[in-house]
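Quick one: structure below, then a few questions.
Labels for the chains are A, B, C and D, by order of writing; each one numbers its residues from 1.
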Amino acid sequence: MTGTVLTTRRVDAYHALTVVAPGIAERFRPGHFVGVAVGGPQTSMLTRRAFSVHDVKPDYGGTVEFVFAVRGPGTAWLAERRARDPLDLVGPLGRPFPLPRDPVTCVLVGAEHGSATLFTVADALQGRGCRVDFVLGGDSADRVFGALRARRMGETTTLTTEDGSLGMRGRVTDVLPGVIADVRADAVYACGPLEMLRGVTAVAVEFDIPVQVAVEERMACGIGVCMTCVLPVIGDDGVTRMVRSCVEGPVFRGERVRFDDVGTIPFDALGAPGGGTRNVG
Amino acid sequence: MRTYLGHVELANPVTTAAGCAASGSELAQFFDLARIGALTTRSITMAPRAGRPTPRMAETPSGMLNAVGLQGPGVDAFLERELPWLAQRGVRTVVSIGGGTVAEYTALARRLTDAPGVTAVEVNLSCPNIEDRGRVFARDGAASAEVIASVRSVMRYDVPVVAKLSPDVMDIVSIARACVDGGADALSMINNPLGMSIDTEAMRPSLAAVTGGLSGPAIRPLAVRCVWQVHAALPSVPVIGMGGVLTGRDAFELILAGACVVAVGTALFHDPYACLRILRELEELLAARGFHRLADAVGLAHRPPGAPTRHRTDLEESSL
Amino acid sequence: MRTYLGHVELANPVTTAAGCAASGSELAQFFDLARIGALTTRSITMAPRAGRPTPRMAETPSGMLNAVGLQGPGVDAFLERELPWLAQRGVRTVVSIGGGTVAEYTALARRLTDAPGVTAVEVNLSCPNIEDRGRVFARDGAASAEVIASVRSVMRYDVPVVAKLSPDVMDIVSIARACVDGGADALSMINNPLGMSIDTEAMRPSLAAVTGGLSGPAIRPLAVRCVWQVHAALPSVPVIGMGGVLTGRDAFELILAGACVVAVGTALFHDPYACLRILRELEELLAARGFHRLADAVGLAHRPPGAPTRHRTDLEESSL
Amino acid sequence: MTGTVLTTRRVDAYHALTVVAPGIAERFRPGHFVGVAVGGPQTSMLTRRAFSVHDVKPDYGGTVEFVFAVRGPGTAWLAERRARDPLDLVGPLGRPFPLPRDPVTCVLVGAEHGSATLFTVADALQGRGCRVDFVLGGDSADRVFGALRARRMGETTTLTTEDGSLGMRGRVTDVLPGVIADVRADAVYACGPLEMLRGVTAVAVEFDIPVQVAVEERMACGIGVCMTCVLPVIGDDGVTRMVRSCVEGPVFRGERVRFDDVGTIPFDALGAPGGGTRNVG
């Protein structure tokens, strides 16, 4: 589980670490994430940090790259890693993005570090003959990750920033309807903050096309044992369950996620306190 | 490195802690569950439970807070799917149960009586007693004893009943004693002390449930103290020790304090292989110190100063 | 950033925790003691005390255990040398007192009544009651209330009496309430929970006293929870919060939970300048969030979800 | 308080770190120690580690060197420090060795890492015209610190190892009486484990010459506020008190330390439970 940092780089507001981790690279599929131990020996930081895999490469038996912004002490520690430092990773974790069988047109929507997740998805889609268009956003130009690469890979790339410093002023959801209409999209893939995923899902539902979203919930384990990362998701049977985003997600069909009820236990969820489904097996 | 929980033999002393291994199958991708002493289930409740809203966890110095709220499928689904899955794989299973009334605990125990594959029943007493204004059973010796006595009376005689205690009490020994008097075959400690943290950015409690259970190495000194005090008072009662065990050294610490089984909880979140690693480290530590049997180390730190280290070789036989 | 402990004004909310600043003079080499809100003394006892044998300390994850056993010079030497030294330098002094009987606490309080330079008296209730088989006062609401009432009755009316509580209880709110009913002007929490560690090389308890008090960031979640619960139940009672405060952020966390004064203990062992650093960091945090008065932040995390952050501007005046 | 590591070196079984810390170097006197924060940001290790200062130099405004053996997680972390790493030190701490006014003959006795403390003492003594002789010991050759330097500085140097791999087989206390007699020593300075200090003190008392010992007790603060580092020491008034080895020591007159009672509260100590001195101010 202990890999070695191969390279570190800064990309605008983000840091990227490439780690030699053949066991993870080998089994990787787009949408997977890794759990990274932070702080080194005797650290007081007990929980692993989750990061989407940005890229995998075959070098040195297999490397994994992830992209992050410094947010708290764990990411601050990661930002100080240097080449050759050991790094303890668990992965690949989570359910990857389902890919269409047919060569359809897909819009890939990313905000902030969420964009980093999209490029392996784009690769895989293009490998199946899909057309890929990007919509990437962020607060400001330095927080829009991967614009250049998107321009190289995508048929079209639309950028948004809240402050107007790059692309259109506004949010990805402001431009998404136009893009979907223009490219006649068949499906949407989205990564980013919950609020954005909710908006993207609403747009896709409007256009009646499938949307796959990758959510981020606070995770203590990433492997399905702690039950802390749940959110209300409607199952095939129509029943809402509190499902774990680490093993049943992080990728969900957008319209199945009850975005408005995240952070609550909906009264009609299976096992909700005093709910109608109490005593339903 | 076999050990005994009451008269039940376990191949080794390392188990998972209740609620830290979900249904078991999640960990099975990482290692063969039959290789650990036992797997302890999450606390099973009568009805399915959706648990608490999120955020359910917050990291704290050398620990974490959780407020999961016993999310689980309910006893029917547990007996139908989870327990048989474990039994088929030969996994020794300690079934943890949680309830809001003595009757609910008893009903759960009754459901387990005929179920194949129940190695022991651990009674999670850290549940609010809905008949006593939500006061947690574990904080009240009489209520705890009542639950234990009732569960004991319906369980098969050959399935040990383990009372799981909370450190949030004035005197853990008196609660332990009440449980043993009530019929507990073994004691398990410690459940999470109640803690809280505040997100200073949002200026609000970090957890949706406001307070949560503290776990991890931060609480190990409380766990060692509780195990020590209870073993000193009730040396013949087997104790499952838990609380912040990350390494074989930590497990050994609880064993020296008096535990004959050690459960691993939060460490699993950090290291899915924690149980087997801890077991290996513990075996190495014991071997390096010349112990041939685990029982020789159980409670050894209680020996009077100057006493030889090997004076308790009769412990294994009398561990019930 | 002034704050109030009862009707006594402190220039700022940062104090040392009892027993963590020796006689005061040791820290004076590092900074001017008059710049902190107050200095809390070690718990003063009637007779001089040699304390416990060594080892008296053991490091634990994000914390430490101590078993000092109230080593100190006794009240005579304290009044003769230590208190005047502090008073001369204009150091606001909270005098902590410890005793084994109600009479002893009362006698100590009487000795302090006429002593100049006593800003407040903090009653360390975590002492064994020798009239109740060594049961710690703080674990028993009635015994705590008796001590507080007796101390209150002999102390000068303008010197607040602060009851210092232990987290090792079933229900901290009921103890807090008993103390307030007994006449406590303020509450201080938390004293060290009882912990233990074992030296796995020697296979013996790490501390000569076997068990010891756990302090440091490991216990902060317990401290936040206690302050929160007590502030929720008794919002008008001033609380001195302590337990694992290392930074301004940590102090702010306790303030948001309901503390109007924050004491720094173990952090002083790591950083002799901790009090002033924490004060500066706290001031910066408050300024960055637009607070003009400390009182506006006290207990703010209790506001109902969705409420504006500034709804408690009347708190300062009513903080007694 | 934050210095910068200038150099690191290994010396047999020991590690030595030189840290730029002008404020400490400036005020240093032989026998002082430093309190070192270990583990870096977010560490779970809360207490500073105490190390005697081995050497100070004027380079870069003032450097401090200390020598240590890896013992637990704190020293393991220190052993991994590299040049230019920051290191947080408090010091100089403790009471230094008192030095004789007259140019007398002193035997300096060190065992294990304790030897590292003696060289600045030797320097200061020689600066006052004293004659210095060394007796250094350790379990094995690689644990006898500073033998070469002692040979350069001392009139005589006697080495002992438990396994006989260097010098005489045995302990420093086995050879000390001979050395004291041979060189007609006027005073003894000693650093090392408690057991050794007890032995050295007994020898010095036998010869009726003063002995200064530097003790090591478990310390949480090093600055006199935590009261954890006490040991029973007899005061000028004949009364035994539990005194703090960090501020009232670590250097004591050997015959004043009640070595046999370390780890206890002697019944006749001031404030001993139920002791005769109860209620004595």
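One rule holds for everything that comes next: a residue touches a chain if its C-beta (ideal position, glycine included) is under 8 Å from a C-beta of that chain, and two chains touch if they have at least 3 such contacts.
Remember, it's a predicted structure, so these values are computed and weren't measured experimentally.
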Number of hops, chain B to chain D, where each hop joins two touching chains: 1
Could you see whether A-B or A-C has the larger number of C-beta contact pairs? A-B
Taking each chain's centre as the mean of its C-alpha atoms, which one ends up farthest from the centre of chain B? D
Between the Cα centroids of chain B and chain C the separation in whole angstrom comes to 34
Whole-Å gap separating chain A and chain D, where each centre is the average of the chain's CA atoms: 56
Chain centres from averaged Cα atoms put chain A and chain B apart, in whole Å, by 35
Cα centroid separation between chain A and chain C, in whole Å? 46
At least two other chains touched by the same residue of chain D: list those residues. 44-45
Give me the residues of chain C that touch two or more other chains. 61-63, 216-217
So what shape is it, when you link every pair of chains that touch: line, ring, star, complete or other? complete
List the residues on chain A that touch chain D in their complex, please. 39-45, 73, 76-77
Show which residues of chain C lie in contact with chain A when the two form their complex. 61-62, 217
Given the complex, residues on chain B that touch chain C span 60-63, 65, 139-140, 168-171, 193-198, 200, 203-205, 210-211, 214, 216-222, 224-225, 228, 244, 249, 252-253, 256-257, 285, 289, 297, 300-301, 305, 309
Which of the residues in chain B end up touching chain A in this complex? 19-22, 26-27, 30, 42, 46-59, 61-64, 66, 68, 71-74, 76-77, 80, 208, 216-217, 266, 268-273
Okay, in this complex, where on chain A does chain B touch? 1, 37, 44-48, 90, 217-221, 223-231, 241-242, 247, 262-265, 269-273, 275, 277-281
